[in-house]
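Here chain A shows up in two complexes: once beside chain B, once beside chain C.
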Partner chain A sequence: MTARAGGTAIADDGARSPGAGRAGAPPRPAADHRRRPHRSRGLRLVPWLFLAPALILFLYFKYIPMARGLWMSFFNVRPFLGDEWIGLANYGRVFTDESFRSAMGHTLVLATAQTAGAMILGFVLALLLEGKARTLWVVRSAAFLPVVTAIAVVGEVWRLLYFAGDQGMLNTLFGLLGFGPEKFLDDPRTALWWVILVGVWKHAPYDMMIILAGLAGIDRQHYEAAALEGASLLQRIRHVTIPALRPVITILVTLACIRGLRVFTEVFVLTGGGPAGATDVVMTRIYALGFDAGDLGFASAASVLLFLTTLVLTVAVTVYRRRREI
Partner chain B sequence: MFDTALGWGWGRRHPVASATRLLLYAAVVVVFCGPLLAVFSGAFDAGADPSRMSLIPHDPTLENFQVAAEQGLWHFFLNSVVIAGGALLLQVAVSVFAAYALARKRFRGQALVLLAILATMMLPEEIIAIPLSLVLGDLPLLHLDLRGSLLGVILPLGGWGFSIFVMSEFMKEIPAELEEAARVDGASEMRIFGQIILPLCRPALGVIVIFGFTMIWDQYLLPLIVAETPDDYTLTVALASLRSDPSVGPGALLAGSLLALLPSLAVYLAFQRTFMSGLVAGAVKG
Partner chain C sequence: MATPLRLTRRRAVPGLAVAALTATAVLSGCASKADSEGAAALQLWTRSTPASAKVYTKVIAEFTKKTGVKVDYVPVYENFEQKIQQAAAAKKLPDVVINDSSLLGPATTQGLVGTIDKASIAGSDQIVDRAWGQATGADGKLHAIPFSTQAMALFIRKDWREKLGKDVPKTWDDLVSLAKAFQAEDPDGNGQADTYGMLVPGSSQRGYTAWWASSFLWEGGGDFLTQAGPGKFTPAIDSPRSVDAVTKLQGLFCKDKVVVPGALTLITDDAHPFFEKGQAGIYLTGPYMMGRFDKSLGKDRYEVVPAPAGPGGATVLGEGENIYLMAGSAQQDGQKKLAEFLISADGQRLGMNGTQPNPVVRIPVNKNVDMLAERKDDRWALIAKVYQESARTFPQVPNWQPFRQKTSETLNSLFATCDADVRGALGKLAADYRTELATQKVAG
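Up next is the complex of A and B:
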């Protein structure tokens, strides 16, 4: 509040609008206003001038596209023939179209499994790598590398690791361990799970880092007290660590779910939705419908639904944060 | 006794337990870094077919880069660099300007502006891909076609809610006295912004530069929908076109991957501390 007082004085300076004279604004001599009436009117514009670049970019590249997408979702978009208003028919198709429904199913499986997998692995890693020792710091930094690697690179590298021949790198490893060879991304029954594994690999270290920050905030005395009462390691984790981390975990899970629902690049690079649609997710379907098939109305309706789903999740996590004040 | 949740202090005294822990650490490093190390070695390995991917090149060579260069590797890399440079500059400038207004000014409609910026964070390229490609092909009012130009990638990346919020949270903490003293001395608005507020924001600038770069370098869908011909591809998008080459197999792809990997890796390793502080703040608060 104090930091803003200066700004308050300027924004309201000389402007006898209903909003003027807010508490906290230091009184200015009246003569000031009479001497420089033009400047003070200009000053009211100052914040807007500073905001203008951001607002113009957002208008052109976020709001106008969103509005246009919403508008298109009610039309049968036909190039050269003119668009035809069809009401909610596109939305109906989203729920009845066979390939889209299976893509929605895959997306739900992927978002859930990837979120849970990354969270569990991240939690275990965090417990394992907590501590101040230099070695631990090095191991943590190394484990974090997948997070900063561009997702396209991750996809291409894993495509090679997943090479289906029995000469592939992972298959060689599997051979040493005495099982395989796997067909990985070429097998429609398991391809989705191999895609999910890549996401877990990329996102688990992120969860680990955030959980580590949470672990650092837990009072050591709680552990001591639990140990004195004879609690085992698992009991301590269950009754001390996890409750303390619950807010962080809730937020991480929600954000990961949102990310999982609109996953695109990983799947597009790894499989392109194949084989035979076995790994098609909502976004790869929208991409195919919009850019390959030119079915813009349908693709837009699906995008709007995807937006609404992520909106609900975002609002939920925001409300949760407000209530918890974190 | 309990430095950590696991309370593993005893490990130091038991050789078996210590060895177990070291083995676990090694496993973690191999699992998470192994695939990336394989890129390093594969990029320099002659005939690096998937069957021979390993951590050390069998037959060191630069041939992979030569083959990739023939397919336009450096052109794609240049596209990526120009986009990263331009978009980052624009993004940082736009963010500090907007944050200054949000953090240091009071004006009517402020809450609405905050909400409007927050809303953009729910509209990533994935959600608006289809209409965005139409808008980019014919900007309303201006009637410019940005498809097939690097500007088509740069401009949409210019506004990023995350960096506006990080910056504005930081600017709010700067005491008002500094600004008021300058105002009494008759300093202009731009002078206060440029010479008083901005120099104090260096830590936050570090965070938004590093995160901005990582975010821009990671872009995939946006350059993909802006591109009209494969010539417009950024390095990340072009990787797919390097996938198989008759002479070096996946060697060209690995050379390209290495080039796409190095800049973000370098930024992360060089600014790790800033990176982590921004990460935790961003995840828990932002």
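Up next is the complex of A and C:
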């Protein structure tokens, strides 16, 4: 879900720039230019008319529900008995509720480990699969498949792989290699890490694609110069590749952190937050509170906090990036 | 927890979008139909699989034929509670809901249902006394009308048991030894150690762990809460007998190791295939599963027996479905008419679906209906007997859900962590109970 959101963001950017180019960049005939100010007064509304359908949809399906969610977070929500104003009490509960605190801990571990894991694996894959050969193209497409597979399906398949009996798929493999059987999602001490592994597997190819695009933009001459200076492979990666990829990496970290904080589907599908709450994350908690327990006020408060965290994080990364680039 | 198909998280995610779209399409379709004919239809939601929805459709068709009241029927297969919450938040509840008794607490405390005047419902005098309990709130008032009842029973692979020359388990020890045999002695004869003893839907999600464990807890002489006067409760989950019972259950996972792998993240919908596909031989579940297992596994390959009595007796979980007349309905007369038809002998008989699978009325609540004459199946006679003699419901606190959730999380954690201290964990759970009892203003 989050991956798709991330994907769309990138796709949007890609789609927008050629579009924007078409609207602004190509030199228009001079006559057109001269007529423009004369016409513009009457046409000022036109762009808004074109935007209107999207804006109305956004307003109705995004901004109004968001505002309502914020409003609900101050109430004990009881639609048929009348909502009860309780101020910031819901927010207080988010911080004092024990299961919520442990869910926040799990979310941080999951977001960090998954982001780092996917990034490292994606980087290695990108280095291995960079190039123009047709075979590489085939391998790259194959490696990219997890990203385009629906996360619910991925979760279901991994649940089968993770079956904790002797005849589970991974356990059979482990048995052949002479260790196991592993308890996988059954063991509260390790369950979170197996969930993280699925996330890394799913998201690494996405990181790979973005890094590949970054790699393509690095001037070959840098490598050649470094090689002439006698730099080893690792030195070339450290002093040429990684610095050149910095903008790409910041983008990926931002997207991955946001994705990590809002992680829901893979956890929900794989474990539902169990066993013993060992894989409960903020979103599964919010879901359980809002829809299982029917405590919409509390769930809204937690959602607002999650939104604020995401916002702060995004702004911080953006500001940091701007500073570095100036 | 009664209906076989609860929230299915794995199917829910892709299904949700489709369901939402379909629901919108269906609802808008119905709305326009009602508009064009000038009379709004009564909206009825049930938690049903497509198969049981067909039975409801038959019942409703008969109702419309008899009364002329049109019904807009929406079977909800998944995420039922979530959809009720959404409808409540939008203040557009359906007129009538048929769902299990666990909805009673939340619906009452959130004001989604009012009180029912028993005398005003025609035919309410024909309902068996025992059934009214599941529709009675903590305030002692009726908030719904009972529609169907049932009790949990043990499903055992008969062919496996007979092949290994074992008897039907009569005690807890028999049960454990049968489970061990199913696991160790290759009952399916395929030469591989790929069978397990007990199937447990042990996910803490939606309280499944507590749902499964409740019967064993009661049979062990333990309890969740003790009634301490009218409308007052004290925790009993940390009593010595509760501790013993839970220790015994923990043993199934840790000492005897007779439970299917992955049980602690299993919800019922994902659990059923283990029994159907011959991976597990013992399953404590509701009688509504018989229709499905008869078809998928075969009626002669498994048997339905009462759960063997424990040190504290033979008490098992008895549940049922209620008819909820939802708040804010513009058609109170229609609501009442539908409820009256559903509890009438005709309505109940149609819901029982004769000898066909997927009955929506499991044990009829109407005393004028002869269940065996309709069903011709001895297993149902057994379920009715268990219900009559040894079934009980969860405690009638105003809202059982927070208790159910906390209990499930504690038990799930105890079963997952074999070196965990049962007494200590249940002591802590009892303290949580006390807080929740105080919140709900029923602490004794």
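Structure notes:
As a convention for this text, the second predicted complex is superposed on the first by the 270 of 326 C-alpha atoms of A that agree within 3 Å, B and C clash if a C-alpha of one lies under 4 Å from a C-alpha of the other, contacts with A are read in each partner's own complex, and residues count from 1 in each chain.
Everything that follows uses one rule, which is that contacts are C-beta pairs under 8 Å (C-beta built on N, C-alpha and C of every residue); 3 or more make two chains touch, one makes a residue touch a chain.
All values reported here derive from a predicted model rather than from experimental measurement.
Touch criterion met: A:292 reaches chain C, while chain B stays clear of it. In the superposed model, A:187 lies in contact with chain C only, and not with chain B. With both structures placed on the common chain, the touch criterion links A:99 to chain C but leaves chain B unconnected.
Touch counts on chain A: comparing chain C and chain B, the chain ahead is B.
In the superposition on chain A, A:274 makes contact with chain C only, not with chain B. In the superposed pair of complexes, A:167 makes contact with chain B and with chain C alike. Of the two partner chains placed around the shared chain by superposition, neither chain B nor chain C is touched by A:177. In the overlay built on the shared chain, the residue A:80 is in contact with chain C alone; chain B does not reach it.
Using the contact criterion defined above for the overlaid structures, shared-chain residue A:228 touches neither chain B nor chain C, since it reaches no partner.
For the contact definition in use here, the residues of chain A common to its chain B contact set and its chain C contact set are 150-153, 156, 159, 163, 165, 167-168, 265, 268-269, 290-291, 296.
On the side of chain A, the complex with chain B involves touching residues 2-8, 10-12, 17, 19, 22, 43-44, 46-48, 50-51, 53-55, 57-58, 60-66, 68-69, 72, 125, 127-132, 135-136, 139, 141-146, 148-153, 156-161, 163, 165, 167-169, 172, 201, 205-206, 209-210, 213, 215, 218, 220, 223-224, 227, 233, 236-237, 240-241, 248, 251-252, 255, 262, 264-265, 268-269, 283, 286-287, 290-291, 296, 299-300, 303, 306-307, 310-311, 314, 326. Put simply, chain B touches chain A in their complex at residues 1-8, 24-25, 28-29, 31-33, 35-36, 38-39, 42, 49-51, 53-54, 93-95, 97-98, 100-108, 110, 113, 116-117, 119-120, 122-124, 126-135, 139-140, 155-156, 158-159, 164, 172-176, 179-180, 183, 189, 193, 214, 217-218, 220-221, 225, 236-237, 239-240, 243, 250, 253-254, 257, 260-261, 264-265, 267-269, 272, 275-276, 279-280, 283-285.
Looking at the complex, you find that chain A touches chain C at residues 77-81, 99, 150-153, 155-156, 159, 162-168, 183, 185-188, 265, 268-278, 288, 290-294, 296. On the side of chain C, the complex with chain A involves touching residues 9-10, 13-14, 79, 81-82, 85, 88-91, 106, 110-112, 192-194, 196, 202-206, 260-265, 267, 327-328, 401-402, 405, 409, 412-413, 415-417.
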